[in-house]
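What follows is a pair of complexes built around chain A, which joins chain B in one and chain C in the other.
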Partner chain A sequence: MKNKIFILTSWLSFFTFFAIFFAVTGNIIFTGLDNFSFSFLFNTFNNSGRDGGISTIIISTLIIVAFALFVSVIISILSAICIDYFSKNIRITKILKLSIDTLSATPSIVFGLIGNIIFCEFLGLGYSLISGSLTLALMILPIQTRIILIGLNSVPKDIRLGAYALNLKPFTSYFRIKIHLIKKQILSGTFMGLGRSLAETAALLFTSGYGVKMPSSLLDSGRTLSIHIYDLAMNVPGGNENAYKSALTLILLVFIISLITATIQRRFNLGQQEFVWN
Partner chain B sequence: MSLAHNKTEDYLFKGLLLVGLLFSLSIFVVLFFLIRSGGHFFISTSISETLFFDQWFPSEQLFGLAPMITGSLLVSALSLALAGPFSLILAFFYFYICPLKLKSALNIFMDIFLSIPSVVFGLWGLVVVVPLLAPLFPPGQGLFTASIILAMMILPIGFKTFVATLQTIPNECLLAAKSCNLSEWSVFKDIIFKSYKRKFFVGFLLQVTRAIGETMAVLMVCGNIIQYPDSLFAPIRTLTTNIALEMSYATDFHRTSLFFCGLLLIGFIFILLLISRTDEMKYEK
Partner chain C sequence: MELITDKHIKAKLTQMEQPYFISVKNICLSYNNFPVLENISFQIKKNEITTIVGPSGTGKSSLLYAFNRMTDFNPNVQVTGHIYCCNENYLTTKDIATVRSKFGLVFQKPNPFPVSIYKNLDIPLRENSKLSKTARKEKIISCLMSVGLWEEVKDRLNQPAQQLSGGQQQRLCIARCLVLDPELILMDEPTSSLDPISEAKIEELMVKLKDKVTILLVTHKMNQMRKVSDNVIVFWPKNNKTEVLTYGTVDQVLYKKDNNTFVSQYLNS
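Presenting the complex of A and B:
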């Protein structure tokens, strides 16, 4: 009897999940598709966002995200190599891993504060695309570092031993050999970071600002799609329709990216093997 | 490619290693700047007074954080109560009961659900959930609405963690259970839950970590009134939303107090992280 109730509960939770899922995505997609036309994507911002399109916002989003990924891929490879290099020293590794873990658990609003004080004020960049993307880079750094670290750990022992036997310098063994073996992890980390940075709002509120003009340089202020949605929903009365359209655009982008990430992970067997009855 | 020792490459590697080290330790840079801007708060006011004081009027130099801390803790606890058991059962369902054909569908939909931006959840809550609850429990924006939205956001995180945990169970163990014809309930209760209690606890902690740090969705549906909630549906304000709302116009000491809120958040999260790690530490010794 207990067993039957348990199985029923678990099936029920399964269907509840799908109900919730379709309640959210269905609502966003169908409401967003009302009066949706592609000119919305290519028109400029008008009347605090009630009319007009989101072309300038899409462009600043792309600039912020691209620059953030460019920076974070480089620094995450470096920090993963650093952690791997010190992996024999348990004490240092412990500190480094705890630091990366804390950084990845830090709330995004705290990154917003930090980005504001470091990039906008300390480095004097002001509310600009570049401070936004550097803040984002700091935020996605731990995610990418972890994935690349998994890749470095899974480098076959033969290669480590071979490099040791040839008396290769660490620079050669890392940047000429091992980096070719962790390409998949770097790729999957990049897509994960892309998804996270597109979805981020709180970290950008006080770093990239609310600017709506076409950005002419990295030092201009510019809002991303997610900030645009927040602004329309909270601060602009009557902005809900365009908020929904922007949400639809954002959601479709993020869905595609998350599917690509999942495909990469499955194709390259980066995830854990599933348990199958047979 | 010459294998001869190359001095410049040596120096280059050391330089790159140093950069890597700096970025791996960037949490300390974060802490340094937070303390530089928010540490002033320690000196000027007594901490115990601030943490347990319930008046927040920055213009009159009254900085009581107690209602915000209560709000943060209540929202995360309530959302964990909604999402925690649900995600655990769902993970077990995925792992043990789900037919193979539905498995990949559930996995893909969970991936997609995980990727929905928090601001979209907030928009959905604001436009769909709030008007639904408003006539029944005015004003609609409040503790309960925020908890529902948060629960939906932390559900896939718990699911992913629990599935990863369940996949470490040795295959023989499950085959033995199958051959003994144990029911699903007893597999769940007597085998899996008993031996993985500790790991599930860590998964719940992870969910709480995410719930405390969430800003945008909560900001849009929690009502943002500074008070101790007197009912399940009363509007509240959390630490994160307090920062997001007031940062844009805060100056001087008010600003310092917001950085102190940031420090407090990192403190909470660090404590949760340490609790979840005590288990690993024991094994290492």
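Presenting the complex of A and C:
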């Protein structure tokens, strides 16, 4: 009887999840596809977003996300290595891990506020793509660091001891040997950061602003697709049609990136299979 | 022509007075202040294979780790005593880099790095020497030849080391030690995870290598001990501590008259 209830609950949860998933994405896809043309992707913003396209917004989104990932991946790898290297001091490591977990759960609006104070006002960068990128980098840094740290902790003890026995310096040990074992975690962390960056609105409202012109430098203001969707839906009467089209574009963008990531991950998995079978 | 000075004569005399290459004196090793080894002393002769045997938990592997100063990484392990080599106490010297390059360590399980076969040898060599790229390549080839791996891997040096078989991986790990020109290779049950064919190859290699290096082997395989050893040290527990029960050649140890029943059974197993 217990088994039947378990199986029934599992199937019910499965169907509920897929029903919600298809209802949301289906609504966006079918509404967004109405009057959708590829010129929407290549035209510029017009009439508060009711007309024209989103080319400048796509460019701003890609710049903000790419720069945020560039900064966060480098810092997260170095931070994770630093924590792993000093992990012998258990008390400090525990405090650092707790801080990372707390930062991961901090609402994005708080990061937006901090980003506004530090980057826009204190550093004088104003509402700009770079302020938005750096704020996003701060926001995704804890998750990426945690994932890479898990990867480093799972490096086999034999490999660590082998490196010590040969008197390899920490730089060689991490950047020439262990880095090969945590490629998957770096990729997973980057993809999670990417997903969070593309979906982020609150943190960017305070930092990158609403600019719609084609950015000529990182110091220009620019809005991302998620801010554009929010603006059209909340502030622009009659903007719903283009909001749906922009949402569809965002979903397509995430889908393409997921496909690329999955392909790279599959290549890593194939490498691991070779290791297992040989 | 080289001039023979007093210094040379003195050095030669000192060498003649010391038939032993490494002298281990009064080693005490404890885990969290719980003594495992107490006042362990023995000597190792140059270009010979000295094997340490004894039941599990008698601190054989820990002693090997102390030789390589791996125990420095574990704050719960305390080691005191002397490991003399070339008139220097390697247990207290601050030059750990020299200790680790002079005393190479081969682990129970083969642990090649997750890089190519070539890089497995090149990374430690680059780190510990200032050789040119060509010189490094020559050295790597000669080390692979020494362990009998060159013919098997010469066409796939850039392939991942994990693709090699267990026995080949262990020979690669031995070659990885050899690139640093060690004086002593510490082998901690190097064949425990290998099949009999790979095991025989490693044993053959040990005997071949002793012309170049001295080997200190820890094993639980009495058959292996009989096959490869020149000298044997038996570690035996007594009152929760370990003592050196016997030291000598294989025959001296195996057929010692005062061996008790347990020791005899263990050594002849």
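By definition in this document, the second predicted complex is superposed on the first by the 240 of 278 C-alpha atoms of A that agree within 3 Å, B and C clash if a C-alpha of one lies under 4 Å from a C-alpha of the other, contacts with A are read in each partner's own complex, and residues count from 1 in each chain.
Quick note on the criterion: a contact is a pair of C-beta atoms (placed from the backbone, for glycine too) under 8 Å apart; a residue touches a chain by one contact, two chains touch by 3 or more.
Computed from a predicted structure; not experimentally measured.
Peer 1: In the superposed arrangement, does A:Asn167 touch chain B (first), chain C (second), both or neither?
Peer 2: both
Peer 1: Check whether A:Ile177 is in contact with chain B, with chain C, with both or with neither, and answer first, second, both or neither.
Peer 2: Second partner only.
Peer 1: With the two complexes superposed on chain A, say which partner A:Arg267 touches: chain B (first), chain C (second), both, or neither.
Peer 2: A:Arg267 contacts neither chain B nor chain C.
Peer 1: Return first, second, both or neither, reflecting whether A:Lys213 touches chain B, chain C, both chains, or no partner chain.
Peer 2: A:Lys213: touches no partner chain.
Peer 1: In the three-chain superposition, say which chain, chain B or chain C, touches more residues of chain A.
Peer 2: Comparing chain B with chain C, the partner touching more chain A residues is B.
Peer 1: Just checking: does A:Ile28 make contact with chain B only, chain C only, both, or neither of them? Give me first, second, both or neither.
Peer 2: In the superposed model, A:Ile28 contacts chain B only, not chain C.
Peer 1: Looking at the overlay, does A:Asp158 come into contact with chain B only (first), chain C only (second), both, or neither?
Peer 2: In the superposition, A:Asp158 contacts chain C only.
Peer 1: Enumerate the residues of chain A that count as touching chain B in its complex and touching chain C in the other.
Peer 2: Correct list for chain A: 166-169, 172, 176, 274-275.
Peer 1: Show which residues of chain A lie in contact with chain B when the two form their complex.
Peer 2: It comes out as residues 2-3, 5-7, 9-11, 13-14, 16-18, 20-21, 23-25, 27-28, 31, 75-76, 78-83, 85, 95-96, 98-103, 105-110, 112-114, 116-118, 122, 138, 141, 145, 166-172, 174, 176, 195, 198-202, 205-206, 226-227, 229-230, 233-234, 240, 243-244, 247, 250-251, 254-255, 257-259, 261-262, 272-277.
Peer 1: For chain B, which residues are in contact with chain A within the complex?
Peer 2: Where chain B meets chain A, its residues are 1, 3, 5-6, 9-10, 12-13, 16-17, 19-21, 23-30, 33-34, 36-37, 86, 89-90, 92-93, 95, 97-98, 100, 102-103, 106-124, 126-128, 152, 155, 164, 166-167, 169, 171, 174, 178, 183-186, 188, 209, 212-216, 219-220, 240, 243-244, 247-248, 258-259, 262, 265-266, 269-270, 272-273, 277.
Peer 1: With touch defined as at the start, can you tell me which chain C residues reach chain A in the complex?
Peer 2: Listed in rising order, the residues are 68, 70, 73, 75, 96-97, 100-101, 104-105, 107, 109, 111-115, 119, 123-124, 127-128, 160, 162-165, 173, 176-177, 180.
Peer 1: So in the complex, which bits of chain A are touching chain C?
Peer 2: 88, 156, 158-159, 161-169, 172, 176-177, 180-181, 271, 274-275, 278
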